[in-house]
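One chain, chain A, links the two complexes that follow: it is found with chain B in the first and with chain C in the second.
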Partner chain A sequence: MTIQDFRNILPLLIIAAASVLLLVLIAARRNHRLACWLAGLALAGAFATSLFPSGTMPQAVGGLLAIDGFSLFYSALLSAAGLVVVLLSYPYLQPLREQMEEYYVLILLAVLGAVILAASRHFASFFLGLELLSASLYALIGYLVKSRDRSVEAGVKYLILAAASAAFLLFGMALVYFETGVLGFSDIGVHLAQAGALSPLAIAGFGLIIVGIGFKLALVPFHMWAADVYEGAPAPVSALVATVSKGGVVALLLRFYNEAGGYQFPSLTLLFALFAAASMLGGNLLALLQDNVKRILAYSSIAHLGYLAVAFLAGGKMGAGAATFYLVAYFVTILGAFGIVAHLSSGEEEAERVSDYRALFWRRPWAAAAFTAMLLSLAGIPLTAGFMGKFYIAAAGVEGGLWALLFILVASSVIGLYYYLRIVVAMFSQAEEQKPVKLRLFSGAGLILALLVVALVWLGISPQAMMGWINQWVAG
Partner chain B sequence: MEAVFYLSSLIAITATALAITRLHAVHALLFLIVSLLALAILFFVIGAPFAAALEVIIYAGAIMVLFVFAIMMLNLGKQAMEWERRLLSPRIWVLPAILTLVLFAELAYLIAIRRGGAWSEFEPVLPAEVGALLFGPYLLGVEMAAFLLMAGLVGAYHIGRREKKQLHRYLKEEEQ
Partner chain C sequence: MILVWFLAILIGGGLLAWVASRWNRELPRWIALAASSANLILLLAFAASAPAGEAGKPGLWLAEFNTPWIPSFGVHFHLAIDGLSLLLLGLTFFVGALAALVSWTQIREQVGFYYFNLLWILAGITGVFMALDLFLFYFFWEVMLVPMYFLIGIWGHENRVYAAFKFFLFTQASGLLMFLAILALYFIHGQNTGSYTFDYSELLGTELSGTAATWLMLGFLAAFLVKLPAVPFHSWLPDAHTQAPTAGSVVLAGLLLKTGAYGILRFAIPLFPEAARQFAPVAMALGAISIIYGAKLAFAQNNLKRLVAYTSVSHMGFVLLGAFAFNVIAYQGVVMQLLAHGISTSALFIITGYIQERLHTRDISQMGGLWKAMPGMGAVALLFAMASLGLPGLGNFVAEFLALLGAWQAAPLWAAVAALGLIFSSAYALWMVQRALHGPPPEKATLPRLNVREWLVMGSMVGLIFWLGLYPGPILNSADGPIRTILAPASTETGPPEMDEEQGLLLPEHENTTKTTKLD
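Moving on, here comes the complex of A and B:
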């Protein structure tokens, strides 16, 4: 490790150091506000140092990590999402009677794991990053031990299933290592290119790795945990699971497939195409039956990862760009949607039933307007980020000739409209009794939500700027 | 050499299958220890003596400590004596003991043929080489593992934390 290496991994160092500092601080004096500030500052610092790197790029750090435009863009995106989650968490957790400081340590560690995933170019860092992310999430999902009944149940469910999927992943890595004798992604690519075709063992290995990744992304045959975990976890943690956890794994998948040359092998592509189709249809159809907003968002995020898989399958520069843009749009939208749920939840009661949102517009007009914008973006209505995201995916899909998947994408989006609009209709329906209108404009969480709405409309109206950055950083 | 490998594999699989199907926690733990010892022999045979030693010291050793803790914490009370007596019945310990004896015989065989020449067809990886790798190219990996442990520790501390009055739940029951 040279000084240059340390400068290259500065975002990682900032988050890691802050988590240790926060632990020391907890030992000295517990203070919820201070813990929140420290975590927020660290994530903002990681965001800034990712956008303005001080090292020379691209650079491999110790064989495990690659610091290039791609990993820095994703590290900025993941840190920003972590920052939003921290800021949403403070007002959400404040009224609860729990020890809150460890929560921020775990959030920092989860973001650290995701950033490691985005930068990893080796099976060792892949597995360690993924486990760091999972281990933090187990505790975060079950964090409200005393206030919520289902919290621990959701945490244990995630723990058992994630541990099983990690076993699949490890076995897959072992088989690939057995076949190739190397652990670095690019070395595997070189080896596979020489071998020409995949042996049955290598196919089994890649298949098992895809199972592990599919679990994290909640693609359809491996999606069983999603709804229960999203429902049982505190709303800001659901947002973290939906964004940071999935974003890190998507970044890893893009790099792994590119460097290991996964696109050359039709058997792997077919497997992913099946998962993508099943996720788009399954996510949207299952959401129709739900009456719980958090469960609806869980199924919706399954469907969105299915859309994203289409862009991923299209491959090439355009596919990576479209997948990244879609991920940015999805981050803004799903953070906003869970932000509203967290904002409306009061202490012990989570605002999660659709009936809780009935006539919301007449009680909390700003919150209802913001939630409507988020839901329309999730549905992919024009002028929102979600629409532009789908547009770029369609363009990449046409380029890659994925007609069957594009047809499923369009058809399932139409199905999806129904359950998004059901919540919107509930919010705008007339109230039975008139309750006093609350107009709280400048609360902290309100400001974050307003910024997210602005970002959503900005991405929807003029996506060129963001797409330009993505092309420059990710594809370039 | 190959016979030792396959025999140990067979023992590892059998013991693991038995461990996950036993109804009695302590009984299952015994088989788990046998399975870990069989894995240690496997590592030894394929030329990783350091990993084999770690398997015995950390896994089998730590599991033994867990075993003791489980008995201490779950069986405070009046049934403890009778329960311990039942633990010592041959039905529980004979099979794990036989499997362990087979493993021991394998180890003795490996050490015996060591006198004649190499004990493995593979070049053994010695602790110094493992250490050089861990503190060389995999240094960042070690740091990541440290943070992984920290996340697990902080999480376990928070989830497992109890209010003071609940701490003596077992003691209270006994007083009544």
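Moving on, here comes the complex of A and C:
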């Protein structure tokens, strides 16, 4: 490792160092505010060093990591999402009587794992990053032991299923290694290109790896954990699972598939197309049956990953750009949605039933307006980021000629509208008894939510800047 | 630039109305009225300042605004209007001002948010009538949905949530199909020519294979036929109209349905002239069936609003019939019908609203004797019922006569079937007058008469419907050029012969015009 290498992986180093520092600090003195500040600063630092890299790009670091525009863009995105989660967590956790400081260590480690995934170009770093992410999430999901009984159940459920999926993944990697004799993504690509067709063992290996990734992304039929985990976890952690965890895996998938040359093999593409179709339809249909906002958001996020898979399948330069843009829009939206849920909840009692949102517009007009904007964005209505994201995906899909998937996308979007509008209707319905309007002073979480709404509208009205950056960093 | 002002005034007015409701509950309605009226005055001033006869020339934009929006996809913020858009914008702002006046005392809750939604619907509709970039068009097409959904879902009648859902799902699903068609057209054009753009004038004349053109046209028509609405895609309309507050019904019937017709005229037919020609028999049949079926169902309704809603289905059938007849006379009829129906049906909805405010019912069987109780309103109601059945001297007569005349040239059979619809419409209109206005007076013998504000609304509408019926010349002149432009690629055989000559004479002339683009 040279000095140059260290400069390249500065975002990773900052997050890692901050987590160790925070642990030491906790040993000396517990202070919730300080822990939050430190975690926030570290993530802000990682965000800044990703956007303004000091090293030269692109650069391979020790065969395991690739620091290029792609990984830096994702690293910035993931750090920013982590920062938002940290800022949403503080007011949520503050009233609880628990030991809060380790929570921030775990968030830092989860973001670190996701950033490693986005930068990895080797099975070893892939698995390391994934496990770092998963292990932190087990603890985070079950973190509020005293206040929420369902947390532990959700954490154990996630632990078992994630461990099983990791086993699938490892076995798949082993099969691919057996077949090719290499572990680096690009080496695998070279090997497969020479071999021409996929042997049955290699197909099995890739299939198992896709299963492992499918678990992480909660694609149907590997989605069973999602709703329970989202419901059981504290709202900010649900946001983390929905964004950072999935974002890191999407980044890895894009790079792995590109470098290993997955697009050449129709059998793999077909497999993914089936998962995408099942996720779009399954996610939206199952969401119809739910009465819990967090579960609705869980199924909605399953469906959104299905949409994203359409862009991914379209491939090419436009496909990667569309997938990344959609992910940015999805991050903003889902962070905002869970942010509202967290904002209206405390750790002990979460505002999670649709009936909790009845007449919200008359009680808390700003929160209701922000939540409406988020839900309309999830539904893909103009003036919001979700609309532009869906436009980008549809454009990529039409260019790639994926008509069947596009019609499923249209049909399932319409189904999806129904449950988004249900929440909106509940918020705008008349209150039976007029509760006194509770005036809230300007709070930090309110500021974050306002910024997310601004970002949402900005991406929806003037997406050119973001599209330009994505083209320059990710696709370029 | 004036085009941007139209949008900015409505959007800004909407935001201002919302904010202003915090200070004063009466301010939002004044803001809504002022914004619509300001646009109407701007538009009239613009129309008056345009050189005489300019509006009537084919292939010319009267005003244009074009700036890049999303360059990486070739999306432009491209607005332009011709004589056709000018007429529809006039209708939009006029009906918009009426909608604000009608809601004056009816809306008591969340007035700020209400007028915000009203103005944003108007902004969406205004955008649809001006957009010349297909992406922008779709954008505005969707923008008007959400506020309309809120308008029905929050301030509507007892079954409002169901109606709002149905409206939203129908229009959104069909809109997405159109969106896919737009994207496909974009890529086909890009692959053919190397320039990826959503610009209308560039996409015109894209070379398409027969099947591709048919599928893409069906994608566009899905959205437009649902909005129009044509049988069998109409089932959202009776619910939405019936449950919406009065202003919501007025905007729906007066304006929203017109966007479907405008889409057919501006986009579906010029973009796919061959496919449209092949589809014409089906479309004309659907139009004729809509006329008869809508009229028949209107006859069977007991709910006054539902009755008027079904008459809309019937009247808009003439639009579909005329639009696919491909000749100038039929198109003149279509444009007249858009305006006449916009005014006469809005008036009927407003009258229903007046009755509802006084009797608290929309059930015709509970009415009767209204003429005695409110003679002024009774006379106006009779007048618009007569307009609806196509009495000569009123706007609808001119419209339906021209549409039938044009349709006869193209398809005598469907014109004959459609003409039967006029008999049905006489039946429902007279039946409605008989049951609601005549007979024994209601229990409360005296009802409050119409006040000044209500008379202002009614008076202006009466004046307009007479104007359309007695002196339609200026309207026909203004629409003439755009109609010929639309027909230029679509009709080579059936149009009257003099049209082609004029086309030949006029086309070279505007190759010299630099400030405005031409359509060809």
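Following the convention adopted for this analysis, the second predicted complex is superposed on the first by the 473 of 476 C-alpha atoms of A that agree within 3 Å, B and C clash if a C-alpha of one lies under 4 Å from a C-alpha of the other, contacts with A are read in each partner's own complex, and residues count from 1 in each chain.
Quick note on the criterion: a contact is a pair of C-beta atoms (placed from the backbone, for glycine too) under 8 Å apart; a residue touches a chain by one contact, two chains touch by 3 or more.
Keep in mind that this is a model prediction, so the values were computed, not measured.
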item: Chain B versus chain C as contact partner of A:L117, first or second or both or neither; value: neither
item: Partner chain(s) touched by A:A16 [first = chain B, second = chain C, both, neither]; value: first
item: Partner chain in contact with A:V425 - chain B first, chain C second, else both or neither; value: second
item: Contacts of A:A394 with chain B and chain C, given as first, second, both or neither; value: second
item: Chain B versus chain C as contact partner of A:G468, first or second or both or neither; value: second
item: Shared chain A surface residues [contacts with chain B and with chain C]; value: none
item: Sites on chain B touched by chain A in the complex; value: 137-141, 143-145, 147-148, 150-152, 154-159, 161
item: Touching residues on chain C, where the partner in the complex is chain A; value: 69-73, 109-110, 135, 139, 142-143, 145-146, 149-150, 153-154, 161, 164-165, 168-169, 172-173, 176-177, 179-180, 183-184, 186-187
item: Partner chain B, residues of chain A touching it in the complex; value: 1, 9, 16, 19-20, 23, 61-65, 99, 102, 105-106, 109-110, 112-113, 116, 124-125, 128-129, 131-132, 135-136, 138-140, 142-143, 145, 152, 155
item: List of chain A residues in touch with chain C within their complex; value: 362, 376, 381-383, 387, 391, 394-395, 398-399, 406-407, 410-411, 413-414, 417-418, 421, 425, 428-430, 462-464, 467-468, 471
